[in-house]
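Pasting the structures in now, so scroll down.
In the two complexes below, subunit A is the common chain; its partner is subunit B in one and subunit C in the other.
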Partner chain A sequence: MMIEFLQTLGKNTRASFTKLGRATFFLIQTVSGTASVLPRPRLLLKQMYSVGVLSFLIITISGLFVGMVLGLQGYYTLSDFGAEETLGVMVAASLVRELGPVVSALLFAGRAGSALTAEIGLMKATEQLSGMEMMAVDPIKRIISPRFLAGLLSMPLLAALFSAVGIIGGQLVGSGLLGVDEGAYWSQMQANIDFQDDIINGVLKSLVFGFVTSWIALFEGYDSVPTSEGVSRATTRTVVNSAFSILGLDFILTALMFGDD
Partner chain B sequence: MQHTNTQDTLVGLFVAAGIAGLFFLSMQVSNLSSFTEHDSYTITARFENSGGLKVKSPVSAAGVKIGQVTGIRFDPKTYQSVVSLSIDVQYNNLPEDTTASIFTAGLLGEQYVSLEPGGSDDFLKNGGNIEITQSAIILEKAIGQFLFKSAEEKAEGKKK
Partner chain C sequence: MDKSVSPQNSLVSVRHLTFTRGDTKIFDDISMEFERGKITAIMGPSGTGKTTLLKLIGGQLFPNQGIINIDNKNVHQLRRADLYSLRKRMGMLFQSGALLTDMNVYDNVAFPLREHTHLPESMIRTLVLMKLQAVGLRGARNLMPNELSGGMARRVALARAIALDPMMIMYDEPFTGQDPISKGALVHLIKSLNNTLGLTSIMVSHDVQETTAIADYIYVISGGKIVGQGTPQEIKQSTSEWVQQFMTGAADGPVHFHYPAKDYVDDLLSSGKRY
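Coming up: the complex of A and B.
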């Protein structure tokens, strides 16, 4: 009984460590493969389309609504203190620092990450990847690296769009609907949002999230059991693991970036 | 070929929109457009008490922001707070006998340094020092004094 328990524990620990090792090795190969993507921008462009352009709509619409909700909720709370002029600061700070990078990364994991895993997993299941290897084409360089690079590049752009649209949405609700002075909305924002501390850190956050989400999505696809059930499990794991890593990393990054002030 | 061309256009549009978003965030939302640090000069002011003043607090003259606080340190010899003010170089004609005071914007707002120009013909230069200063008003102190005073008045009223 005890021995059995220890056995399963040891087995699981070993399995998760070997998986971590495979993931790290996969990451090293992928990153070193990105160099060979640059001479062939068409590969990257195609992936930018499916990862970035197709996520454009969901990101902008979600951003607009998140900004509008922030505007409403912020107004209700701030007007209790007679401080509704600072609505712009509240909306912009929460979007640029936290919600922009985090929510767009979560949406990105759900929209693009799951698609990447399913695509790679299915390629593996139909033995397209082994076929490429047979033809002496490195599937990492040809398939994985362009997708990784596209995810890494798209994420900061999507997060910036999310924040920008959200701030406009907050302004629409705040000064259009609730009567906050438009000049105060923008000027308070400009006085309190710092380029270095807020904008640059937000972009850095979204770069980290893009890196991690693309890594997880591609690895889960590449490492999936090549059956229909295996692919579906891998897709689920992508979304769950991405969400965990995004939220966990966000806490660590926030503690590091905004700790001393 | 037509298909890939539309794809290219859409990717181009996406990247342009993303960069426009970043540009919007940096120019319209943050303080990047309002103040650049490299064309400024620094002067110092000594206060008895700098209150809740922080680095990056605004420095204003006649209500207009002309610079920001770049450093606050405690001088162990004079027991004063030494505040470095970085002033935009286009306002290089502040007289030497300028007064610096620490005020609060609104009742709960942040504290800022207000400069009131004097009448001297000599101007403050980089590394210059403001001689006449007025410390921050500490709200707790003011309330304490007020309460003490009203209690005193009450006691006197009872005596009579």
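Coming up: the complex of A and C.
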């Protein structure tokens, strides 16, 4: 009983470590493959379109609602202290520092990450990747690296879009519905949001999330068992592992960035 | 017996190859020679490892033992860059076609040209249309892979495999799924590619008639061993039970139709644990 448990534990640990090894090797190849993407901007643009632009709608709508909720909740709390003028600061800080990068990364993992895994997994299952290898075209350079770069670059842009739309949503609710002074909403925000502390750090976060989410999504697809079931499992793993990584990393990054002022 | 294959003149040589997958020995110490400018066919029952052999030759799988030389270079010891430049001179027709599903027929055939040459688009267009004409699918150039039938997809894949005018080409069951007319056209095409371009061809096929019609030399493999080899004439007259069974398609003989299993009646009558 005990022995069996230990055996399974040992086996699983070993499997996780070898998978981590494969993932690291894959990442190294992918990152070094990005050099060959740069001379071919069209490959990158096409992927930016499919991972980035096609996520616009979901990001915009979600950003708007999150901002509106922040406006409501912020107003209820702040008005207890007579501080509703600072609603703009609260909404913007929450979005730029936390919710923008985190929620847009979670949406990105669900919308674009899962699609990437399924696409790569199916390409593997239908021998398109080994076909490419036999045509002397490296699938990492031709297929994986452009998608990786596109995910990495799209993430901060999508997070910025999310935050911008959210701030507008907060303002619509705050001053449109609840009567916070519009001038105060914007000027308080301008005065109290710091470029270095808030905006740059938010962008850094979303770069990290874009890196990790794209890595997970592409690796899971590339490493999937080449059958329909294997691809569907890999897709699920992408979403789950990305969510864990995003939330865990967010805690670490927040502690590092906003720790002591 | 006249062994017309001499190692001196072979482009690809397989020497003492052993390859296992899990506990199954797919190949057990086999040696083969594929002569320059000739069509060499590999025949054998389904699941013996014909596709596996092509992948070993292409350097996508690694042998457990033995070596594979192409043009006097050991494929599995080449550096990556050298392997890739060797592959540019090798065409491979996958059993499944392996077309890129996000591109139409035209772009699929143009793919290797665009990746490996700096030819202007007008030249690429000419080449692509020539290759498509050769497989009879010039009119299908705007179709997407999911709009093709299995046989058509394979012909597009063939056009793509010859796009770079390789020195050798490996066909994995080119005739499967083809009607008699396109089968005939493909036989003719494979033969004429061989004659006019001096291509070395390795062809995996089950079609006894087509294969004996165009192959210069045939290997019959089964159970990880070579069970027969020779010119089509010799193969037809072979007295080996293995070869005879395969050529005549008898259900009974040394080759079993069934994948190894326990006794059928026992299996049906056993308690049948479900899994």
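Worth a mention:
Keep this in mind: the second predicted complex is superposed on the first by the 261 of 261 C-alpha atoms of A that agree within 3 Å, B and C clash if a C-alpha of one lies under 4 Å from a C-alpha of the other, contacts with A are read in each partner's own complex, and residues count from 1 in each chain.
Criterion: a contact is a pair of C-beta atoms (placed from the backbone, for glycine too) under 8 Å apart; a residue touches a chain by one contact, two chains touch by 3 or more.
All values reported here derive from a predicted model rather than from experimental measurement.
Aligning the shared subunit A places subunit B and subunit C next to each other free of steric conflict.
Of the two partner chains, subunit B is the only one touched by A:56; subunit C is not. Judged by the number of subunit A residues each one touches, B leads among subunit B and subunit C. Applying the stated contact rule after C-alpha superposition, one finds that A:193 touches subunit B and leaves subunit C untouched. Contact with neither subunit B nor subunit C is seen for A:28 once the two complexes are overlaid on the shared chain.
Judged by the touch definition given at the top, the superposed model places A:252 against neither subunit B nor subunit C. Of the two partner chains placed by the overlay, neither subunit B nor subunit C lies in contact with A:38. Contact with subunit C, but none with subunit B, is seen for A:136 once the two complexes are overlaid on the shared chain.
Shared-chain residue A:157: touches subunit B; no touch with subunit C.
Remark: least CA distance from subunit B to subunit C after fitting both complexes onto chain A is 12 Å.
Contact residues on subunit A toward subunit B in their complex (touch as defined above): 42, 45-46, 48-49, 52-53, 56, 81, 83, 92, 96, 154, 156-158, 160-161, 163-165, 167, 186, 189-195, 198-199, 202-203. In the complex of the two chains, the subunit C residues touching subunit A come out as 55, 58, 60, 84-85, 87-88, 90, 92, 94, 96, 98-101, 111-112, 115-116, 160.
In the complex of the two chains, the subunit A residues touching subunit C come out as 122-123, 126-128, 130-138, 142. Contacts from subunit B toward subunit A in the complex involve residues 4, 7-8, 10-11, 13-15, 17-22, 24-26, 28-34, 56, 58, 108.
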